[in-house]
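Here come two complexes built around subunit A, the first alongside subunit B, the second alongside subunit C.
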Partner chain A sequence: MIADRKLAAATAESQPLLDRRWIDPPFARPFVVLIPLVAIAALASIWVGRTSSGPAFGLGDAALARTILLEIRVPRTLLALLVGGTLGLCGAALQGLLRNPLAEPGLLGASSGAALGAVIVFYFGIAAADSLLLPLGGVAGSIGALALLYALAGRRAALVTIVLAGIAINALAAALTSLALNFAPSPYAALEILFWMLGSLADRSLTHVGLALPLMIPGWLLIVAAARGLDALTLGEEAAATLGYAPARTQWLVVGGTALAVGAAVAVSGVIGFVGLVVPHLLRPWTGHHPSRLLAPSFLAGAALTLAADIAIRLMPPGPELKLGVVTALIGAPFFLHLILRRSGELAS
Partner chain B sequence: MTTLALDDIGVRYGARTALEPVSLDLRAGELVGLIGPNGAGKSSLLKAIAGLVPHRGTATWQSRPLVKMKRLERARTLAYLPQTPAAHWPIRVAELVALGRMPHLAFGQRPGDDDAAAVRWALEQCEALDLADRRVDRLSGGERARALLARALAVRAPILLADEPIQSLDPYHQLKIMGVLKSYASLGALVVAVLHDLALAARFCTRLVLLSHGRVVAEGRPEEVLTRSALEDGYRVEPFFSRHEGELVVLPWRQAGDASKRG
Partner chain C sequence: MPMLEPSSRPRARAGNASRGERRPTDRHAYRRSVRIAASVVAAMLVVFAAPARGALPRVASINLCTDQLVLRLADPSQIVTLSWLSADPEESLLADEAARYPLNYGTAEELLRYDPDVVVAGAFTGAYTRSLLRSLGYTVVDVMPELTVDDIESNLRVVARAIGRAERGEALIAEMRERIRHLERTKPAEPVAAVVVRPGGFTADAGSLAHTLMTLAGLRNVPAEQGLDRWGSLSVETLLRTPAELLIVTPYRTDEPSLANAVLAHPALRAVATRKTAIEIPGAYFGCGLPDSLDAVEIMRRANERLGAANGDAL
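Then we have the complex of A and B:
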């Protein structure tokens, strides 16, 4: 049987190796699973709710249904989808850019910048936790962090400079956030800031969606425009440049896209960690390691994961609602540790 | 005649001059060896031609400056194999080599059957077709070098620049890779390779350029460049010359002026 197969392979030898699929295998397979998965998670997310007495299913009586659907459930579902998708997409793009599977959207300071922007709005008492000024502050903070990154690192900066500048911006934003907490006008305000930063999708409206989406879409497009450049970077920066995909261009497309999209996500949801780290990892054995092939599946898987985590929160018994950022960190941090241990094991062997 | 005309190409890193301005005409069909001691400016010259470092002067291909070309057209004209070529993700060799087809693809266009044919041709040239389905992180040093050279060949660019393509390879693979470069040149391409092995440079290259301290000190056919005085001045080594099968054999024999070790 094996001998037969070898013979057949030898006679038909030249044919398969001239077919395009040999160098560009079809990659529809992940979508066949991921698209239905996201659809199911989104429907479940609309169907599952929460009252003060615990989980609630369905939408209640007809008069109430419309209000619950449009003002509570749909915004929450949409935001979980958009925020999770953004985090997955940006995580995959950053890992491709840095050629390091441990990279994460929080790395460039966009998340912490957005968090700081929102905290400043809080601190000066300009807005209550549910106000729209909050996301605006977040977006401003994210863009400010990017502008600072650009000023620190320069247009043709080496990647390591960008990462180090990102770390510095993260540290600065964290310090200023602590400062705001330290001098919070009242313990209540400090608690409100802290809770907001934990990351949640509860009590959001369609206005939040409308605020985030116009920034997310250009962010996504910038990252999609960088897809080929990310593939070229597989061969290193010099080879990528001579293939017509200058690393500096790829770099700023990804960094700019991430700052816009993740900044907008953090601005409406607070900081939700580890989704961008974990999702590309789970997908790689399945999509292959080409950074460009990972982008769209990472968006879908990020959306599915975030929807699932947000549904899990609403299925919890009554009591103070668990924050989404806490759940993703509780799942993500051990996973991160596992990755590091496995990598160091690979290095040792 | 198709030429790559280098006009006044010079490279400075800050205050340090890596390469004094050089002017050379390199013809298609040639395998040009860039030789010279460490720090002579060989890699700087190659990177300047490839547009990877800020430099003065212009490189002109078929009377068009390379810098004036659109980025993908330029990438189709010039392929570059870095000194330490990388493969950062563990992808299949066939897909790695296919990255060399990127300059031929418009935005959003997937590779086609003709690209597959080019990948197959490049792998065959490097005797690496049997590696096609292997993961690049699981190759030996010699296999990896062949796969990455195949990536550069798959561009099918009329200019191929290779920075030390045979470093850290065993003698068999050194001969193999030099043979691949020579046969690619014989197809009508200009191949420029930085080399440290004088014997292989003499044997395979149609033309040599000897650099020392950022200057071209000699250039021409191997017999013209690899003279006793040029090697003593340029490399500070005393050469050993011989002939084998009618071809020149050059070996660095001892450090120049080191009379104490003379037997």
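Then we have the complex of A and C:
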């Protein structure tokens, strides 16, 4: 807490809230780069397939090509965009809320709750019947985790309480997930659970988009509603309160929004790490230390990173597909290291 | 879910009929209900989705076990693709046969290119892929892992019917029953106590396929008698104390270093193996239940007879 205040104070010192540099053209700069980047990545994601690429997908058969395009490639691209965007957005919001650069969407237990929900569905063999039950279980798990968080922390809880409760829920959900693995009905089911937890967008359909989107959109809206409050929070909780932004309200907007949106994302894709952690870091030099200005660029960059990782998966030589969570971490970690090294260099000088 | 070909709707429905009843408290009742549902599905497929008279449906398989079932059941001309694992001799008993066919990695996009009439899949593999294929109007047959002889027979029957080879299925089942009858008739009077040692110290619990095969061979499965259940594992120490006379070691990817294989190479275990009798049965025999599983039974039976005879001499 003290460290947080110091950080906030340092931030306020080095980047005054009304510094003109962050108001004018630089504000638009990320969008000039990111919007075309996402568009190109999305087109490339539709273009690139596991077995062949291109408009006709290497087929003479137009009907088959259309099926592949509309039923396989487009849903996959849409989900990469939505899931990646959600992770980026929620990562930025949480880092803003906690004024801590280590925050990431999984922190509050929403994604491990979603994973547990899906794993329970796997465990009871229900997923064998209908793959739709899997994301539904995930959504139920994430909402359950949020409800537990609220029950544990209470409405007017301090941020620290929320974070600690989130960590406890995370640990509980992870333990229960391992327990389910231990008691999996067969080694095959256990393997399937493990693979699912590494994250993947393979062979999802528009049904999954339809399932995730109605939860993601309210989640995003809650976070956007918290944007001004997040900016005010950079001055500290008391200052924010005097500015008219009740910290408790901002807290629950971000926590609720993250739980809804990330829960829905994890439910359809499995756990995809690193995007929510690394993306806000990548963009912060561009947007300055206004959490509100970080939100939309983080959504776009999260989408671009996830799309790129998913494209990379499909460009690999033939073999079983790599898992998306593995590739996002492989791409994200070097970026992150570079960033840290550069920053520590700046601090030293 | 938008449908591309309205005419394919009944097929999709037929494929979905196994949804619904799920895991009641009794595991066996559940398996039975799945099996019944699968049979019903298969029967419906024969009625509704039978292709043009005479032509056999084109079959794709995306699971190691179903690959091997399909290889045993299908006419070679009707197999369009098998999964990549089936051509791996460490995993598959029929690797040579499987290598003749195009191999897939179990994604919907690949499978669409092969345009199969029937996709045979494991009930635990690729949940998303299976439901996507169903929603696109393909017939998908889900097969549970085989743990007993009954499972093998019912899976043979379900897959055989789904791919239009019901007679071949019945013939294989009859052949299996004949072999099993022979094994029962010649069962040694003195069952030898045995223990399966798999990589990682895993053994065979009472519900496993390995246990089924050991029982057919006339062996006593010691860990199962001691109450180990669900892919139970043994410490090396437990193994040293085991009253079993016969160690059934299942080598699996022995060239590739792994912690699991390190257990098999444990000096203490090797010392036990020199005092007791050890036989090797490739891991692939214990993975999937097939008519070929009886080959493993015959290997174990021979060891059983040898040991039983030696015991008799000692007395």
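Observations, loosely collected:
Keep this in mind: the second predicted complex is superposed on the first by the 292 of 349 C-alpha atoms of A that agree within 3 Å, B and C clash if a C-alpha of one lies under 4 Å from a C-alpha of the other, contacts with A are read in each partner's own complex, and residues count from 1 in each chain.
One rule holds in what follows: a contact is a pair of C-beta atoms (placed from the backbone, for glycine too) under 8 Å apart; a residue touches a chain by one contact, two chains touch by 3 or more.
The structure presented is a predicted model; accordingly, all values stated were derived computationally and were not measured.
When the shared chain is aligned, subunit C comes close enough to touch A:Glu321, but subunit B does not.
Using the contact criterion defined above for the overlaid structures, shared-chain residue A:Ala28 touches neither subunit B nor subunit C, since it reaches no partner.
After overlaying the two complexes on the shared chain, residue contacts for A:Leu70 are found with subunit C alone; subunit B is out of touch. Between subunit B and subunit C, the partner in contact with more residues of subunit A is C.
In the superposition on chain A, no contact is made by A:Ala62 with either subunit B or subunit C.
The contact sets of subunit A with subunit B and with subunit C never meet. Of all the residues in subunit A, the ones that touch subunit C in their complex are 49-51, 59, 63-64, 66-68, 70-73, 124-132, 134, 183, 185-189, 191-192, 202-208, 318-321.
On the side of subunit A, the complex with subunit B involves touching residues 17-20, 22-25, 99, 228, 231-236, 238-239, 241-246, 288-291.
Contacts from subunit C toward subunit A in the complex involve residues 1-2, 4, 16, 18-20, 22-23, 27, 30, 84, 105-110, 112-113, 115, 122-132, 135-136, 142, 145, 230-231. The touching residues of subunit B, when paired with subunit A in their complex, are 47, 50-52, 71-72, 74-76, 78-82, 84-91, 94-103, 105, 107, 110-113, 115-117, 119-120, 129, 132, 148, 151, 155.
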